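Heads up, the next two complexes both have chain A, just with different partners, chain B and then chain C.
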Partner chain A sequence: MSTTEIDRQWTTRLRRRAAGKLPPEKLLPDTQPAYVSSWIYVFGVTTLAALVVVIVSGCILALEGPQWWHSSNIGHFVNSTHLWSVEIFFFAMIVHLWGKFFMGAWRGGRTLTWMTGCVTFFASILAGFTGYVSQTNFDSQWISTQSKDGINATGGGSFFNVLNLGQMLMWHIVILPIAAIALTGMHVLLVRIKGVVPPFEKDTEIAR
Partner chain B sequence: MSKKAFRPDVDAPEWRGGYSPYDIIKEGTIAIVIVGLLTILLATFFGSPDERAITMKIWSNADPIDFAQTAISEMNGSSTTAGYGAPYNTASDGVQLGPLKIAKFMGVTIPINTVKDFIINPLKSWPNQPALNQDLATWSSASSSTQSGWVADYTKAAPNLKFVNGHIVAQTTNAGPVPALIDDLTQMAQSGALDQALVTGNGFYTTNYTKPLMFLADSGYLANLADKQHLTGSQWGMMNETGQYPGQAWLWLYTFWYQIPPFTTSSNADILVFAVMAVLSMALLFLPLIPGLRSIPRKSRVYRLIWREHYQG
Partner chain C sequence: MGWIGSIIPLDNLGHYLHWHFILISVSNLIVIGLMIVTFVAALLLPFPGRSRRKENQ
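Moving on to the complex of A and B:
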C-alpha cells in the first residue's frame, strides 16, 4: 500500500484533522490564561457535574422502570436525587449562560460555541418537560393535559403527543439524553478548541 | 491588502498575558463530588412530590355529579375535547396566528369521537349487563336526530343532577336511554372498569393515555384539584409542580406571557405565546450575529465585574 493511498484514507484524514484542531494539550490543558479567575467560571463545570448526576440517577430509575419510585422508599429517594440534580443543572446552566452573555463569549470565532450552548439549553428544557409528563402521577396528568394546547396550537401535537406516556418516556430516556449529551460534548470540545474568550480590550467600550 | 478593522463585539483580542496552572481533571472530579453531595443533601431534606394520579374511579366516587355532567358534555359536544379541533376532530379551526390556521395544518391525526370513545364503546365493553345492552341497542337503532333530541333533553336537566342511593338522577321528560347510559357509565367508572376500558382500546398492551386524559381534563374535578395545588394558568402553573417545590422555574418567561394582556384575553394565546418565545429563542441563538444586541455586554460593562482582577491589573 502506497503512502499516498494511506494519506487519502478517511480514517487518516479524520485523525490528522482532529489532532490538528485538538492536540492533547488543548483537550486536557494543564494551564489556563490568567484572566480565567472569576467565580462565574464555576458554573460551566457545575452544569457538567450536575448532568453527570442527572444521568446516573436517571439510569438507576430506569433499572426498575417508570413506576418503581411510587412504591419504593429507595426509588422515591433516587427520584428525589434526579429532581434536585435537574434543579442544580438548570440553575448552573442559566447562570453560566448569563455569565457568557456578559462576557460576549461568542467573540473571536466562538459563535458556534455559543449556539451549541443555546441548543443544549433548549434540548434540556424539552428533556425536563418530558420528564415531568412521564412521572405517572398527578403532576404528569395536569402538566400534560395543559401543555398539549400549546403544542397542538403549532400543529406539533400530531407527532409529539404529550398525552402518550410511552412516547414521552422514550423521548425522555433515549432521544433527548442522547441529544443533550452529544450537544454538550460538542460544546465542550469547541470550548477546548477555541479556548476561553479573552476579556474585552481595556476601555474598548469608550473608544468605539 | 488592507487589514480588516477590529470589531469589538465580534473579534477577541489575542491574549498576550500570563498563564496559571489548571488541573481540569481534578476540577471536574471535585465538581462531581460536590454536586453529588449537594444533591443527596437536598434529596434527603426535601424529597420530591408524588401526588397520586387521579383515576376515573377516584373522580367518579369523589364527585359523581361532576362526572355525569362531564359525560353529558361529551355527548352533546360542549366539552373541550368534543369542540377541540385538530388533531382530535374537525369540530373547530383551533387557534390561529393571524390568518394562519396552523393548528389545522396536520389535520386529524389522533381521532377522538367523544360519544363513541368516551361513552358508547366503554359501555359496550362492560360484560354481563343485560339492561345496559338493551339501552345501547335502543341508542344505536335511533336516528341521529332522535339521539340529539334525547341528549338535548338530558342536557337541560344536567345542572340539577342528583346522586341518590348510588345512582345519578336526572329530571328528564324525553331523554330515551341517555339517563340510563350516563348512570351506567358512572357506575362503571366507580367500579374502576372505565379506567381499563379507556386505555385498552388499542389492545392488551398500551402506553397511550390520550383518551382517559382528555376525558379527565374535561372535568371540573381535575381543575379544582389543580387550583388547590397552585397549578392553573393564572397561578403561573406552567412552571409549578405540586407541593412547595421549584418545579420548572426555567419556564418563567414562557409562563409570564400568559399573565399579561393581550395574551390573558386572547383566544389565540397559545400560538401567540409560542410565536413570541420562538422569536426570543431565535434571537438568543443568533445573538452573536445581531448588531446592537451583541453590543449589550460591552456597553453594559458587567464584564468588568467578571474580569475584575484583569482590569485592576
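Moving on to the complex of A and C:
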C-alpha cells in the first residue's frame, strides 16, 4: 500500500485526529492550573463517583431480581445503596451546575461541554423518574397516575406510556443508563480536550 | 435502624409548606438548603495544599 493510501484510511485519519485533539498527557494530566485548587471543582468528580455507584448497585439489583431486593437483608441494603447514591448524584450534580453557571464555564468554546451537561441532567431526571415508577408499590402507582395526564397533554404519551411498567423498566435499565453513560463520557472528554476554564480575571488578562 | 424512627416521626404524612402557589415538602426544602450550604462552603473553605502550591509559583 502506498503512503497516500494509508493516509486516506479512516483508521489513520481517526487516530491522527484523536491524538491531535486529545494527546495522552491532556487526557490524563499530572498537574492542573493553580485556580483549580478550590472545593468547587470537586463536584464534577463527586457526581462521576456517585454515578459509578449507581450503575454498579443497579447491575447487582438486575442480577438478583425483585424477589431478592424486596425480601432479603442484603437485597434491601443494595436497593438502598442504589437510592442513596442517586441522591448524592443529584445533589453533587446541582452544586456542580451552580458552580459552572456562576463561573460562566461555557466560555472559550466550551459550549458543547455545557450542553452535554444540560442533556445529561435531563436524561438523569428521566432515569430518576422511570426508576420511581418501576418500584411496583403505592408510590410508583401514585407518581405514574399523577404524571400520565401531564405527559399525555404534551403528546408524549403516544410513545412513552408511564402506566406501562415493562416499558418504564426497560427505559430505566437499558436506554437511559446507556444515554447517561455515553453523555457523561462525552462531557468528561470535552472537559479534557478544552482544559479547565480560567477564572474571569485570568480570562481578561489573556484577552489583553 | 429503629433509633431513627424514635427521633424523626416517620409514620405520619409528610409535612408541606404552602405559600400562595408555592407548595413544597419540608424534606425537599431541607435538601435545597443543604445544597446551598454545600455550595457556599465549597467557595469559602480553604482547599488543602493551596498555599503550598502558591509558594511554588
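A few remarks follow.
The definition used in the following text is that the second predicted complex is superposed on the first by the 199 of 208 C-alpha atoms of A that agree within 3 Å, B and C clash if a C-alpha of one lies under 4 Å from a C-alpha of the other, contacts with A are read in each partner's own complex, and residues count from 1 in each chain.
One rule holds for everything that comes next: a contact is a pair of C-beta atoms (placed from the backbone, for glycine too) under 8 Å apart; a residue touches a chain by one contact, two chains touch by 3 or more.
Just so you know, these numbers come straight off a predicted model, no measurement behind them.
By the touch criterion defined above, A:Ile40 reaches both chain B and chain C.
Partner contacting the larger number of chain A residues, of chain B and chain C: B. In the superposition on chain A, contact of A:Ala49 is made with chain B only, not with chain C. In the superposition on chain A, contact of A:Gly65 is made with neither chain B nor chain C.
Contacts of A:Gly185 after superposition on the shared chain: neither chain B nor chain C is touched.
In the superposition on chain A, contact of A:Ile94 is made with both chain B and chain C.
Of the two partner chains, chain B is the only one that A:Pro29 touches; chain C does not reach it.
Touched by chain B in one complex and by chain C in the other are residues 34, 37-38, 40, 42, 94, 99 of chain A.
Contact residues of chain A toward chain B in the complex are 28-38, 40, 42, 45-46, 48-50, 52-53, 57, 69-70, 76-77, 79-85, 87-88, 90, 94, 99, 101-104, 106-111, 114-115, 118-119, 122, 125, 128-129, 132, 135-147, 149-150, 152-155, 157-159, 161, 163-167, 169, 197-202, 204-205, 208. On the side of chain C, the complex with chain A involves touching residues 31, 34-35, 38-39, 41-43, 45, 47, 49-50, 53-54, 57.
Residue ranges of chain B in contact with chain A, taken from their complex: 8-15, 17-25, 27-28, 31-32, 34-36, 38-40, 42-44, 46-54, 84, 86-87, 94-95, 102-107, 109-110, 206-210, 213-214, 216-217, 222, 225-226, 229, 231, 233, 237-238, 241-242, 245-246, 248-251, 268, 270-271, 273-274, 281, 284-289, 294, 296-303, 306-311. Only residues 34, 37-40, 42-43, 91, 94-95, 98-99 of chain A touch chain C when the two sit together in their complex.
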